[in-house]
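Shared between the two complexes below is chain A, which has chain B as its partner in the first and chain C in the second.
Here is the complex of A and B:
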């Protein structure tokens, strides 16, 4: 089993991306399958370039990110608040415990038609659908984090004269941060996935909406350039979350390990 | 028993609220049909066979895609950990494709395989493959060398070591990967069926929604939620049973 250095791994990643793209191009040029089923990489990238230059793709990415981030932000704020309240207040625990234990594994996407019925097919409906799907992992992570804050930390702060508010903002929340952030890192890709599905079902521009339109018009280079764009956006988001985590948790022992 | 009643009493409260709010006219019964109407619609779906036909179709496609993903994924993950050429070839690909929002694949699967079962199975398979591969890879990579050396010293062949030592030792992480895949399979299948389909639970829900039969729509939504929830609970039981030898 080979152990490769970090630099070697990064190089390897780019080599293998390149290899896949070349394979895609060669396979498509060989016309084993029709250009409709698999347009070549060059066709797709030219299309992507044109969509970016004309502004269509930029608009689509902006719309999708706006709704995904709005839904994610709501899920983050309310998820963390609910999770911490569950850990601290027994009535909250009694009420939310069965709801969370059912809501977490349940396929939330089935509620899409309910959201359409209640909130229509515009931004509000998509944003709330994202929040509904992304909030459960955040609640569970914050709950576990707030439950696991070491008593010693709290007692020390108390004996140094910290008030309840200080205890929450300066001790409990920072100490819970790594676990809460793990929940947010789970919620971010969910937000993007659900936003794209919601656009596919409800229309209204955005990356998912335009792919669906292109599919209906049998515009296969358009579909593939949309997927390429989604892949890039997804990869950038995941990477960004990792960087933010490293920056925010610079003070935490976990930063030393990596 | 008593503690279970106390534990799940919030659900009962919600059910009562669901019945009362539309009955009292606080919201339009079209927007939220009372729970009793939803249950009546559910019995209707059960009687006229809508639930059986579409539920069975969904279950078949889900199982086919998931089983395919598990078989291919475990094989690929273990091979990646075992033979470094496979790791060099496949691991970077896995890392690149992992963050791809998998719902993006649904339109391509429909372009490639049409509106029928094949496109749903392919979407579930591709969506579930990577979590299984990563679970199997991490599990097999973490197997203690001592175990492998002992097996070798006892005269086991490569294949025997793989089957008798590596796969069982990697089992907890393989099973955890499959649990992720199980949750994903429901999302992908229901999404694909909601978007474009002629059969399945997602199709049933969206067509009742479009026709304005909201009591039946809610009945379908509740059914899918319940099946998804119980599938996860059942899987946890199976997981506990499969790992009981670890103590």
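Here is the complex of A and C:
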């Protein structure tokens, strides 16, 4: 019985998506607008299938993911380090606090021309653009997490014989993990979004680049199949982060309850 | 020798963006070796501060705190501490929590595992070795915390309202367990509480503290050393002792209440 309900709930999650797809198909088939403005879902699906089989789409996804992941990884490593340093060292807080306040709400993509000027139009500028955009939520989450580590956890570790240096790795970091990971979960879709926008603006293939190319050739099904692919890649990434979180934070009440 | 001595200890809290508070004023107190001493007083009287100074968690600013004649300079495994809110590492299992202190000592792995198993049995948590703290009740969590502290075999046990977060039944059971543990491995215990009955029941001596700034108002011998047990709480002598201490504390508690509003 419980299994059936669980299955039902999983199915329910797909109902809204299915509804949109059916609506799309019906609307396109009705020819209210031309097939150029809105190719049907079936046309786009067939196109996506062909793009995958031909290898073009695989290459595009691989390129985009490589650059998004590279940028995300840099943002994760430096973001966590900067966030924790801000929380622990007052000079760092004094220096970074105003910068983070200004940088966090700013649309980082506005720096794209500068990044192109400084780092060229190839992988380096895109990866750094992703890092620059994704690092702020990681810094803020790590900072808040490290600030919020209960003092008694550190005290008890010291009284059990831990050294000051061990506190960071053995106590502060694992205690901060849930919040840090929330920051990473925010940073991951940002990385994908910024990577695709950068590709659209500066070219260089990938999902964003190929959509722009197809647009120039008035290849409407190609554009839509690119958008469909982005939606799928994004959803898979978000889901993957959730699963990693579940595995990594096995001890957390949220995981134990599930 | 694990005698503890506070000599003319004062302590001021200086929170950022608000006025400094004098928490302790010229407190002098000696704790004998293997004695169970309770620090009793109203909330905010500085009894926890006194404990944290002894633990080495706060710097001694005025006066002197010594253990076995040596001044306290920082935390160390000779003084184990148990906190009210357990302070367990939520990402570690019961076993891993207990092992943490043992890993800091240079013991062979098999020896560490053996000690951890012993302690899990001692606090009656067999079968919960691989549970995470979030899966345990309050009483079980505090038993893990006690086991983790006992693992490094500290000569001095500091307890900061350890049973304050537990319900009355669990607390009564924990009292028995604590007394049994201390009978098996005698230790010097400094136990902070605002519960008069708890202080009388557990301690050999009770140091009553005044409302802020904290001073030692009076030290009372409970005199029940040999006869601890659930039956004790029903006796006339126990009731008299509780009443005597409550009289000492009442005025201070009222003072602390009115000042907090």
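Observations on the model:
Everything below uses one rule, namely that the second predicted complex is superposed on the first by the 247 of 258 C-alpha atoms of A that agree within 3 Å, B and C clash if a C-alpha of one lies under 4 Å from a C-alpha of the other, contacts with A are read in each partner's own complex, and residues count from 1 in each chain.
Throughout what follows, contacts are C-beta pairs under 8 Å (C-beta built on N, C-alpha and C of every residue); 3 or more make two chains touch, one makes a residue touch a chain.
None of these values were measured; they are calculated from a predicted model.
Contacts of A:193 after superposition: chain B is touched, whereas chain C is not reached. In the superposed pair of complexes, A:159 makes contact with chain C only, with no contact to chain B.
In the superposed model, A:105 lies in contact with chain B only, and not with chain C.
Of the two partner chains placed by the overlay, only chain B lies in contact with A:237; chain C stays clear of it. In the superposition on chain A, A:94 makes contact with chain B only, not with chain C.
The wider contact with chain A, measured as residues touched, comes from B rather than the other of chain B and chain C.
Residue overlap on chain A between its contacts with chain B in one complex and with chain C in the other: absent.
Against chain B, in their complex, chain A makes its touches with residues 1-2, 9, 12-13, 15-17, 20, 36-37, 94-99, 102, 105-114, 116-118, 189, 192-194, 196-197, 200-201, 207-208, 211-212, 214-215, 220, 223-224, 226-227, 230-231, 234-235, 237-239. Contact residues on chain A toward chain C in their complex (touch as defined above): 150, 152-153, 155-162, 170-171, 174-175, 177, 249-253, 256. Partner chain A is touched in their complex by these residues of chain B: 6-11, 14, 31, 81-82, 84, 87-89, 92-93, 95-108, 110-112, 141, 183, 186-187, 190-191, 194-195, 201-202, 205-206, 208-209, 214, 217-218, 220-221, 224-225, 228-229, 231-233. For chain C in complex with chain A, the residues that touch the partner chain are 52, 55-57, 74-77, 79-81, 83, 85, 87, 89-93, 100-101, 104-105, 132-135, 145, 148-149, 151-152, 154.
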